[in-house]
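This structure is in structure tokens; I'll ask about it shortly.
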């Protein structure tokens, strides 16, 4: 029970879940370990219709990070419900559906479709994907548009809605306050930073899409800072992510103010990483003298406040 | 001559210079190699009066990056002119003075003081330092304030003014266009991303200042993307920086649209890095079949345009 | 799936090319499959199985960037974190047919193990191996020991001058197995051989089918190179 | 200034502590100075000179995080990129005086070389070395060979129980040289010994005085630990 976390719509047996887009719909990882050990699973983004995504190359490596421009490849909301959720429903873990689109109407349709399935316990509103021409990130960089979309999706969804914030903004706290005021049940953060690499032997960008989303350990300091800032100005829970690869990274996010943590890129480096972190957590809590993991939530700013 | 770059106020014998804050006022590095080999030197930020800066710890390491919160420690503009510039004037290299402050008046005073010295060939207007309570970054995240400050400093300076942009903004192109319209002679970019690390054994931020500026290879993809975007919308030259450590990193920035490149954090890893890059450049240009280094400036977007 | 394997040997075999032998747990490995190898870098590096002898797997690799450079610095006794074997392999059920193996540069490795396994089944093969230049040729003797082997070099410094497509035009065979750079695959996929298989090298993320990084267009959709491939019938993919 | 030095040996000497010997170019090295060592990590790691014999420098280090973990994996023959020697050292001109050396944990290493050099000059010394527990004690014999040596452990499992300040209170000496964690330095800086020197361990960036990362408050300003120190008179710094 010292790892159990209760969030709107979600009873997480532990606060660890794979991040959207880094775990597909669980099928491949289910061959490696029992998905029932996970606190939850954030499945790959769903759009209204199936999408092929961007041209390849779609990934490029950077120093302790990677760029991706997958472009929301997915079979479409209906097909996910019919072909992917039945398999996921066989595991004792909480499924969070990532909702994407190009227009508000598409978002609403996907939110309705996904939230209607009993396997889905909450939605993650993806207003922050940098890899698609229309939709995605512009909703996530303007507080007014983000709030409007949150309101629409919230009205269309029968399940709690977590809004996924983009770090590519001047004020992350303004974005967070806007979606909280619009009714978001929680926040997930951060999505990827927009980045680029150029191949100097050809002079052209490595990604076919030219720009892509930067993820992995390289961005963790930015993610921690943003969670730390947002946790102090909103009252809804935060699922933190960005560069998590070890049990201490998880604790860093909790100290910064997150209530749960998602693991993305690290699944590529080590497909057993979520399992390993979950197994290591109780031991590490013992070492640090922490009883329940959420006992230290937000302690990084609370301690500072009392320190000064 | 294949490395010579001519920019407003600056005749660079090569496009490589240490970045501000990572090379002090050159005294320490002068013991390691002849500073006259450098294209230029961006000296540590100057403020109106001497500043002690932030409490320690001031640096923390991250995955392929570092956080710093030095806090603009410097002896003050007057003392820099009298105590630091005479030494720098003995080298055959172009000195760029980094100008900081808390108020517009302080910026103007520093710009006047620094630009009046003949050793200083250009100013770098630092509106993007994340590590000081007032001044610094708020000027660098609001296009209107940035433009206003640029105008004031431009009027006060007898030398060309390069404005240093913060990457912590939603639209880097809006910032760039604003300072260009306000009279900036060039742009230097990027300053550090705002980040944080928490020590999980104590639960408190590692930096005494809590947040700090993230630099080093980890941020290069963000820097390249921003230079690439800005180069396509402004007509003034860009000095690119962020994570440069190798000769190929330099070329990546030039391909993205920069006309010269600054090296920051890498000087800590290898204090000879600028010298080594300068020595390696002609050889690498040969390998890649490039005559003059600026022949490939901006080719990453020009080729794309012609490719589609 | 994940194994910590011990490096037995690791040494240069041609200009910029290395041979590494590691001892694995499970040596039931189909030719054409690959391992996803952890190096000093964040993402794993896919390397084809170039040979299997007992519980010893051989990788042949070219030093390209940081990941393969790091591999080149491993010494006997070092432990390597690998995932695999991954993907499908070349179809070995070719009894009575003649198979031409066409490899270019770092596409050569999987063809060696494939040829050995075809030879075990008594299937007749001919190999065409393309390299840049004389110094980059590797494993020629090993290939020759298994049948007719034609070497081409782009600069003509060894074997036939030009590309693998030169000799391929005059070969009579029923089936083609190919691995190499995309332009080569394109060319051989359009060749006169009736049944053509290509092994594709795309940049990968997960290597197990979960991230959609490695996709390749296919008539009416796409395929994932890591889990649907890396070996495909030429008609199955749009190169 | 920068040297590529060869690792001669590298092995554990106590719980979590290692001794590494490297051969350097220039062995004119003052005790109390340090090298800034490149590891797998971005920033260099400062390590004190623990001994110099001929052209062989000894480092004694505790495995703390990734940088020192990486160092612990180096083997004889490996080459290490180091900058140094950097900083000033302890003042050895103490003829006729009695010097007490007070070290805590990873502050012990520079005091060994310092004691050797003082012994060469015939200066009488007494050493107080503080450790956490019995298993973390290192170099006791080496220190004993040079004079009176008092060991303390926090948990009392070896030597005197408690902190170095216990035995220090009863020592008579003219000069104190000290290196260790900040609370210890604070305590010894306030001790009864007349002339007190402390060697400070701050997080560093450049290590050569250019970045202002390592500063320490001082009456009327600040000092840079890397280039003005790491050794200071206790009055020179505000601990």
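Letters are used for the chains, namely A, B, C and D, taken in the order the chains are written, and counting of residues starts over at 1 for each.
Convention: a contact is a pair of C-beta atoms (placed from the backbone, for glycine too) under 8 Å apart; a residue touches a chain by one contact, two chains touch by 3 or more.
For clarity, every value in this text was computed on a predicted model and none was experimentally measured.
Separation of chain C from chain D in touch steps, taking the shortest path, is 3. For chain A, the chain with the farthest CA centroid is D. With centres defined as mean CA coordinates, chain C is found 36 Å away from chain A.
Rounded to a whole number, the gap between the C-alpha centres of chain A and chain B is 33 angstrom. The geometric centre of chain B is 46 Å away from that of chain C, both derived from CA atoms. For chain B, residues that reach two or more other chains under the stated contact definition are 64-65, 216-217.
Within chain C, not a single residue touches two or more of the remaining chains. Judged by the touch criterion defined above, the protein chains link up one after another in an open path, with no loop closing it. The full set of touching chain pairs reads A-B, A-C, B-D.
By the touch rule above, chain A contacts chain B in their complex via residues 62-65, 67, 141, 168-170, 193-198, 200-201, 203-205, 210-211, 214, 216-222, 224-225, 228, 243, 248, 251-252, 255-256, 288, 296, 299-300, 303-304, 307. Every residue of chain C that touches chain A in the complex is listed here, in rising order: 1-2, 38, 41-44, 81, 83, 202-217, 221-222, 227.
Against chain C, in their complex, chain A makes its touches with residues 21-24, 27-29, 31-32, 44, 52-53, 56-61, 64-66, 68, 70, 73, 216-217, 265, 267-272.
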